[in-house]
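Mind having a look at this structure? Questions to follow.
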Amino acid sequence: MKVEIKKIAELIKGQIEGNPDLLIENISKIEEAKEGDISFLANPKYTPYIYTTGASAVIVSNDFVAEKPVKTTLIKVEDAYQAFSKLLRFIDGKDNRKGIETPSFIHSTSKIGKDVYIGAFVYIGENVIIEEGTKIYPGTYIGDNTKIGKNTKIFSNVSIYHDTVIGNEVTIHAGAVIGADGFGFAPGKSHYKKVPQIGNVIIEDYVEIGANTSIDRATLGSTIIGKGVKLDNFIQVAHNVEIGENTVIAAHTGISGSCKIGKNCMIGGQVGIAGHLKIGDNVKVGAQSGISKDIKDGEIVIGSPALPYRNFKKSSILFKNLSDLHDRITQLEKKLKEKSDQNG
Amino acid sequence: MKVEIKKIAELIKGQIEGNPDLLIENISKIEEAKEGDISFLANPKYTPYIYTTGASAVIVSNDFVAEKPVKTTLIKVEDAYQAFSKLLRFIDGKDNRKGIETPSFIHSTSKIGKDVYIGAFVYIGENVIIEEGTKIYPGTYIGDNTKIGKNTKIFSNVSIYHDTVIGNEVTIHAGAVIGADGFGFAPGKSHYKKVPQIGNVIIEDYVEIGANTSIDRATLGSTIIGKGVKLDNFIQVAHNVEIGENTVIAAHTGISGSCKIGKNCMIGGQVGIAGHLKIGDNVKVGAQSGISKDIKDGEIVIGSPALPYRNFKKSSILFKNLSDLHDRITQLEKKLKEKSDQNG
Amino acid sequence: MKVEIKKIAELIKGQIEGNPDLLIENISKIEEAKEGDISFLANPKYTPYIYTTGASAVIVSNDFVAEKPVKTTLIKVEDAYQAFSKLLRFIDGKDNRKGIETPSFIHSTSKIGKDVYIGAFVYIGENVIIEEGTKIYPGTYIGDNTKIGKNTKIFSNVSIYHDTVIGNEVTIHAGAVIGADGFGFAPGKSHYKKVPQIGNVIIEDYVEIGANTSIDRATLGSTIIGKGVKLDNFIQVAHNVEIGENTVIAAHTGISGSCKIGKNCMIGGQVGIAGHLKIGDNVKVGAQSGISKDIKDGEIVIGSPALPYRNFKKSSILFKNLSDLHDRITQLEKKLKEKSDQNG
């Protein structure tokens, strides 16, 4: 890109202090920026860099007051981080590919909307519906009867099993698997018998699903990922799980079958949640926790098994020097014995 | 589907109480079912729904006795859950695709059996053998010299490295990787040197492997997944591991190199097992456990490091309120000191 | 293969004791080897097998002294394991495929070097550069502006997003995802807003990346995997992480955003590292640890939260029988009370 600072200021509704005509070619971190770069300052920790940065322009908040001379051009905005994000989104939004590359495999019964991109080596099964503006990157597999909404983006080598329903403005990263069989087996005489998994997966609008994450289809009914949910990489969502709106889950977390997770939860990485539990709304779960009981709205838990945050914190500190407690007990026993001996 | 209740009763060997001629179009949960649906009742918790369900038919066990009038048609069987599973399997079994889609890449030296399905964008290397009735979904890669048995199902975007041996009636879900190099490096002077991994992977009959699970090839010899083993998603099976028959392992569990795991074990999710260990038969390992020692037949362990189940349970409860123990020790010290001071 | 023992001895610079003309056809473990096989003895635990092995030849160290008659031919070398590894590398190195299979999709603006292998169903975007001797296996996706060095090997169904930079002699296993968006969302009024991720991923020379591992692109700048780093399967490397040279990380470990990890570290499996931390050089982290603070050079930690190794060890042993401590405290309280009652 090559764009004048004044054009950027216009986009992010900022006031310029300095030269409005310099050309910006790149975006960088304030501590690494050089001529032609634009950067931003939101974290006070980085304030010293504003006096030394090589950036041609830096986005700062209106309340920023320089304590020393600043060489770079400033763009003052209400919220520097939000403004910078807006600029990034503007630049990032340039992915306007559309059309159908060859070879691809599209079953004749499928319906492909306007301005859809279908990459080479994409496979689209029977009766699939893909609505306008959606992009399917190369090597992705879409099973029969799947329905995908508008302006959704599915990256490369994703596998979407049959009967999946995906909303609008959804993003699914490479290698994700949506709708594989839930892990259901009934004990038989000599071996396990598979419990067929004939439900599906529903992914609502604005969901983002990380690379190589897997969401299993329901045994019956649907596994549901609510509107605006954000799932990081390598998350295991088992059959019949339901995740409420705007819940965010970090990498490597596993959610066992039939759990119902509320809205606006924040769940850390490598958390394990046992089957059939109910997690309330606005719950926070620390990384690596093991959840084996229901959790009420608004609770904050951590540990395996999970405890209220304060308990865990206190107990962890004592655990670190558990041998001190042990020594103190031994000491007490010794003293008490001495005393008994004396008294005896 | 559109099938009369009497046809279903025939399939699952049930007795009808009610109208045998109604048409069933769908399968649902008893609490969500509506006209045209069939459902089942196996868990007593759901008994109240049988009086209110909209289902046209419900499969119940012979010993079910209605305490109030039931509107839906009942199909009475010996074991409602088993019968329902059978019905599901009957419906699920309709995947009868066969033939070779184009474009696909099949090396001329490979042998493809009768009624095999090979999806578009499948790659089949040199000297591969695929026996009759097996299905390979789109985008899957099969390396040289691989042998796949009968009626096996390999879903989309799976990668199977060279020399792999896969049995009959195996299911491998999307994104799984079979036969990648084991993680073996020998320390060198300035950097690690790769230890070549020239063994292979053997997957015996009736195994099911979850989405994105990875089974590494052996350094020498074979990594072996025994008959009837069920692996959930994201499981890491390292080089030279052997897993005994009918062992079941939940998601995100990692098994380090050269472990031998017995038969009929149940291993929870997110478990880590250190290298070169021997886990006996019929062992149960709780979720998130860390195993660093051999485990004998029939043991039940949990925790990281893993403990016998009862120890872990008791210790966990005390850990929760470890600060109480601490306070009691402090209190004892104080009292003992007062006593000493008094006596002194 | 069919090769005389004397040829192998030449390759690994060994002295033969026995018949130098026997033909070797296969490589096996000493305890499983049969006629025509070559094996090695490095671990003293396996010494007894040298008197019973069916192998035609066994590689041993110069200091091996037979205590009983040995039937097999010995090849004596300075370091049996290193010599054996060299032999394995020699055999493993036979993958000399090159050329471009069809169908593949290669954008006209891309530059493909000499002796490159591009498998069927590979997708190569705009302005990609692939240098000589590199192999891209079937079904892999390479995004726009990616640059890949010499003699690198990328296995099947890998997804590499745009702008990635990959060095020489790198190995990337099947299903890995390089350069997917970092997990960055800013809280909005009613839902999260995506923070665009416009940085990239840089993978330096001699790196090996395991199956289904995922390395996210930086928000700004680069996520960097240093020279000679070895990553096992299912590792999550978040945005803007930097990993120093020759660090080795085991499966299922997750590294949160902006962590800087030093050189020559050894990090176990299923470890979680919180965001923005600095891990020094030569650090060792035990499996399943949870790291929430910076770690200095050379430290050895384990546990969740992580402790110095000795603390963890001592505390874990006490944790196992925490109820004993509890009982001893109760006992002390009782005795002290009795004493008070007596004295009172």
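As written, the chain order gives the labels A, B and C, with residue 1 at the start of each chain.
The working rule: a residue touches a chain if its C-beta (ideal position, glycine included) is under 8 Å from a C-beta of that chain, and two chains touch if they have at least 3 such contacts.
Here the structure is a predicted model, which is why all the values come from computation and not from measurement.
One rotation lays the C-alpha atoms of chain A on chain C, and its angle is 120 degrees to the nearest 5. Taking shared numbers over all numbers used, the chain B to chain C interface scores under half, which places it in the different class.
Mean C-alpha position of chain B lies 25 Å from that of chain C.
In chain B, the residues touching two or more other chains are 103, 121, 139, 157, 175, 212, 234, 252, 270, 288, 304, 319, 325, 329, 332, 336, 339. By the touch rule above, chain C contacts chain A in their complex via residues 103, 105, 121, 123, 139, 141, 157-159, 161, 175, 177, 180-181, 183, 185-186, 191-198, 212, 214, 216, 220-221, 234, 236, 238, 252, 254, 256, 270, 272, 274, 288, 290, 304-305, 307, 311, 314-315, 318-319, 325, 328-329, 332, 335-336, 339. Those residues of chain C whose C-beta lies close enough to touch chain B in the complex are 27-29, 32, 81-82, 85, 88-89, 91-92, 101, 103, 119-121, 137-139, 155-157, 171, 173-175, 206, 208, 210-212, 227-228, 230, 232-234, 245-246, 248, 250-252, 269-270, 287-288, 304, 316, 319-323, 325-326, 329, 332-333, 336, 339-340, 343.
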